[in-house]
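What follows is a pair of complexes built around chain A, which joins chain B in one and chain C in the other.
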Partner chain A sequence: MARITYIEHNGAGHVVDVPAGKSVMQGAVDNNIPGIDADCGGECACATCHVYVDAAWLDRIGLPAAGSQEASMLSFAAVTQPDSRLSCQIAVTDAMDGLIVRMPEGQH
Partner chain B sequence: MSQDSRQIVIAGAGHAGGSAAALLRQFGWTGGITLIGEEPIPPYQRPPLSKAWLKGEATAESLALRPAKFYPDASIELRLETKVTGIDRTARTVTLSDGGTLAYHILILATGARARKLPLDGADLDGVLELRSAADADRLKAALHPGAKLAVIGGGYIGLEAAASARALGAEATIIERESRVLARVACPILSGFFQDFHRARGVTIEVDASVTALEGSRGRIAGVRLGDGRLVPCDAVLVGVGAVANDELAREAGLTCHNGVAVDLSARTEDPAIFAIGDCTSRPLPLYDRTGRLESVPNALEQAKQAASAICGKPAPVPEVPWFWSDQYDLRLQIAGMPFDASQIVVRGDVAAAKFALFHLTADGTVQAVEAVNAAPEFMGGRRIVAKRKQLTRARIEDMSVSMQELAG
Partner chain C sequence: MNAPVHFDPASDALNTPLDRIDVSDPRLFQDDIYHPYFERLRREDPVHYRKDGKYGSFWSVTKFKDIMAVETHPEIYSSAARLGGITITDRPMEFRRASFISMDPPRHDEQRKVVSPIVAPANLNNMSGIIRERVCRVLDGLPRGETFDWVQRVSIELTTLMLTTLFDFPEADRANLTYWSDVATADVNAGGIVDSEEKRLEILREALRTFTAMWHERAAKPPGFDLISMLAHAEATKNLVNDPQEFLGNLTLLIVGGNDTTRNSMSGGLWALCKHPVEYQKLRDNPGLIPSMVPEIIRWQSPIVHMRRTAVADTELGGKQIKAGDKVVMWYISGNRDEDSIDNPNDFIIDRARPRHHLSFGFGVHRCVGNRLAEMQLIILWEEIMKRFPRIELMEEPKRIYSNFIHGISEMKVRIPA
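On to the complex of A and B.
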């Protein structure tokens, strides 16, 4: 279980507990948090679960870098940044307790 | 929430209906929401049914669109194993299969589509299967074990994905296709040829130009598929995957215009301002292509759920999306952006033999209408952008792999 903070583009924050093993995307969908569309349901096929991962966390949790499919999809997502990830590809671990992710303005 | 007595009734608890209910809450709807579904389980994702679910790589929990507790938490009344059987547009009520009646301020039809049946002798034999629901998938899964023989009637996406899953489980698979190539209705000949070769190389038998005259069995159970040329394809189970039919009868009987699906506008609204329709059951505008059509896809279900929820909650209409589709078979990922309605030329980018390529469909003036990408995510993502912009490209530039997709899409 990890407590994750999702911050919408308009600044609205949502703090939820996500069980280990689920994806960061699923944590948002399960809790009906706006801003993550996840059209393909977590297949890394659509790039509509794009988030920015709080930079301090990238190092601390040793999050594996984006795979080639994820990187390819991300390179065409709207408004990407160096800390862009597809949240369906981040499997939650207990070590992610306190993780903060921010949502882009839109997913399409 | 208690002060708002307005009621939204959603007929159909599939991907479209389930998503609409959730989006209405996201967008601030404070009235009641009743979500009515025929199946015994809450809304779930259908795409994995022919893939991960068949192969035992998904759980019921991972299929669920949202956890069961989401519905009571969000004050969404979920009525399962129930069907809307009639609409009284004047009284604004629906009748239910359990004999009840519900009043609505807004009705959303999300009744989906059903598998087309084959009007053949033997279609009622045990082991004659279709694949739309989780229950269908469980029946198919039970039939797929090492050495089992699966016959698939119809070389569409469902048939190809099921054949790939069957092979992964050690079963034998024969695809029987009426047309001269698989995916004849939905893909170009190059893509059809590629998929045929790929499946055959993995042990799938593909019969094209093959009509089916009967399903034969003994003691009430399927034993084989009789072809028009007299041959029998022996099998332990047969999957019928010959397309889907819109469940638009409810709308038809209520006097709403239907042309292969319930006619809706870009807000997913029918001609009755109190009734919306979303997902597989609709005939919708395709603004990029200046025509209307019925799309069977999850992205379409989600887009229309968003359109309806936005209109109902007074939010700005979402920007129309490029229709897109995906299919996973073996280690292939097919992603399609757009639809090649008026395309007259196909340009290949990449290497078909290496199973890493994209097919660009261009109209006579070079406008890219669709991109079919196999294991080529940048081509798909860039293609989606190019199609959205109705961008014109030359054959030479598309073929030139030294020109990046970023450049092509820019």
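On to the complex of A and C.
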């Protein structure tokens, strides 16, 4: 279990406990947190669960490998930053307790 | 419609030998009788081989998860125009026009990224005002108490106006855009004006001339925020105009993609509501459901019937051996009714959970670039409809087009009670 903070683009924050093994995307969807659309349902086949990982966590969470499907899908998302990830590809562990992710202006 | 009166598609679908079922027959979609054939394939042979069908030999991929597997492996399932591109029709080699939808990574990626900012979230906010203003104008001009064609008066008008904005195209000439869009996708066997690839190209050359002139004009000016200017000024596409075939390919992609699909969801949504009065009442009771109804409309309509790939390596899919060179057809219209991936897929439910989990936009690197713009147009349309017209009546069943690619409605007679 990890306590994760999701911050919408308008600044609204949502703090929820997400069981280890679920994805960060699933944690948002299960708790009806707006701003993460997750159209494909976690197949890494769209880019509508795009989040920015908080700077304090970026080293631990890591970035998608170059040439990976996630990197490819992410490259089509709008307003990407160096800290962009697809949240369906971040598997929650107990060590992620306190993780903060922010949402982009919109999912595309 | 063309079928004899006693013809029963449900029993035909059950009694035709499996290897004779040919879901590529455009009549199935024109007559709206395709469901039982796909139901049988999903149940008995979800990855189905049809040898020597109307559109050659091909694999039909009919289940959601198998379609997703094809979508996410572009290195195995190619979209390349020279191999046949993205439609089941194998055009003669000289008529195969590349565009970024009929290209594989990395070139696809470079060209797509040039145009995608126009439909990104920031620009959607910029466009919402003009879209709403047009929707209001079109709806306020509709007659009361008299029968009219929703397709002409609303669906075509609104989507074509949208295109004029995206291309910064003269509004007065907008009928050309609709015409070129229809010409680009017409099945040569449909009995319409386009009865050969030569005829199609002849008409589309006019589009090419128009847009080439526009290109040179805009290339000479500072970059603007319309599709032609964006293409003319971007590193990856600045020489596109010198390759008329590929330029025309991309033009038709952007015209069809921004037009035909949303047009048919605008018609199909009203049709679905008229056929499902309980859902229509739910909408009247709570217009706040519109944002979740819109993706359900897009699933229900499935505006693109299929997308095709060509295998470039031997592989396995759903237990079947696919060989390099095989034509593989993803039937979105079937995957969108797959009970293993969507709850109660045969029900139209405007407040279903996770309504965006559908295949109508495709998935993977070729996923519809304009998907959020399409949704926004439909949301605004339905918001403004519900403010004005609590009830619109379907006067007769819609007329559908002869196509296994565009799930199109060509005419739909409706009436707004006086």
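Annotations
Just so it is clear, the second predicted complex is superposed on the first by the 100 of 108 C-alpha atoms of A that agree within 3 Å, B and C clash if a C-alpha of one lies under 4 Å from a C-alpha of the other, contacts with A are read in each partner's own complex, and residues count from 1 in each chain.
Quick note on the criterion: a contact is a pair of C-beta atoms (placed from the backbone, for glycine too) under 8 Å apart; a residue touches a chain by one contact, two chains touch by 3 or more.
Being a predicted model, the structure only gives us computed values, none of them experimental.
When the two complexes are overlaid on chain A, chain B and chain C occupy overlapping space and clash.
Shared-chain residue A:Asn32: touches chain B; no touch with chain C.
Look at A:Asp17: by the touch rule set out above, it reaches neither chain B nor chain C. Of the two partner chains placed by the overlay, only chain C lies in contact with A:Val79; chain B stays clear of it.
Applying the stated contact rule after C-alpha superposition, one finds that A:Glu105 touches chain C and leaves chain B untouched.
When the two complexes are superposed via chain A, 39-47 is the only one of 39-47, 129-137, 147-155 or 165-173 in chain C with C-alpha atoms clashing against chain B. Contacts of chain A with chain B, set against its contacts with chain C after fitting on chain A, overlap at residues 29, 37, 39-41, 43, 45-46, 69, 72-73, 75-76, 108.
On chain B, the positions that touch chain A within their shared complex are 22, 25-26, 45, 47-48, 65-67, 70, 74, 298-299, 302, 318-319, 321, 324, 326, 328, 333, 335, 377-378, 381-382, 384-385, 405-406, 409.
Interface residues of chain A facing chain C in the complex, by the touch rule stated above, are 29, 37-41, 43-46, 48, 69, 72-73, 75-76, 78-79, 104-108. Those residues of chain A that touch chain B in the shared complex are 29-32, 34, 37, 39-41, 43, 45-47, 69, 72-73, 75-77, 108. Looking at the complex, you find that chain C touches chain A at residues 68, 71-72, 105, 109, 112-113, 116-117, 119-122, 124, 354, 356-357, 361, 363-365, 367, 369, 371-372.
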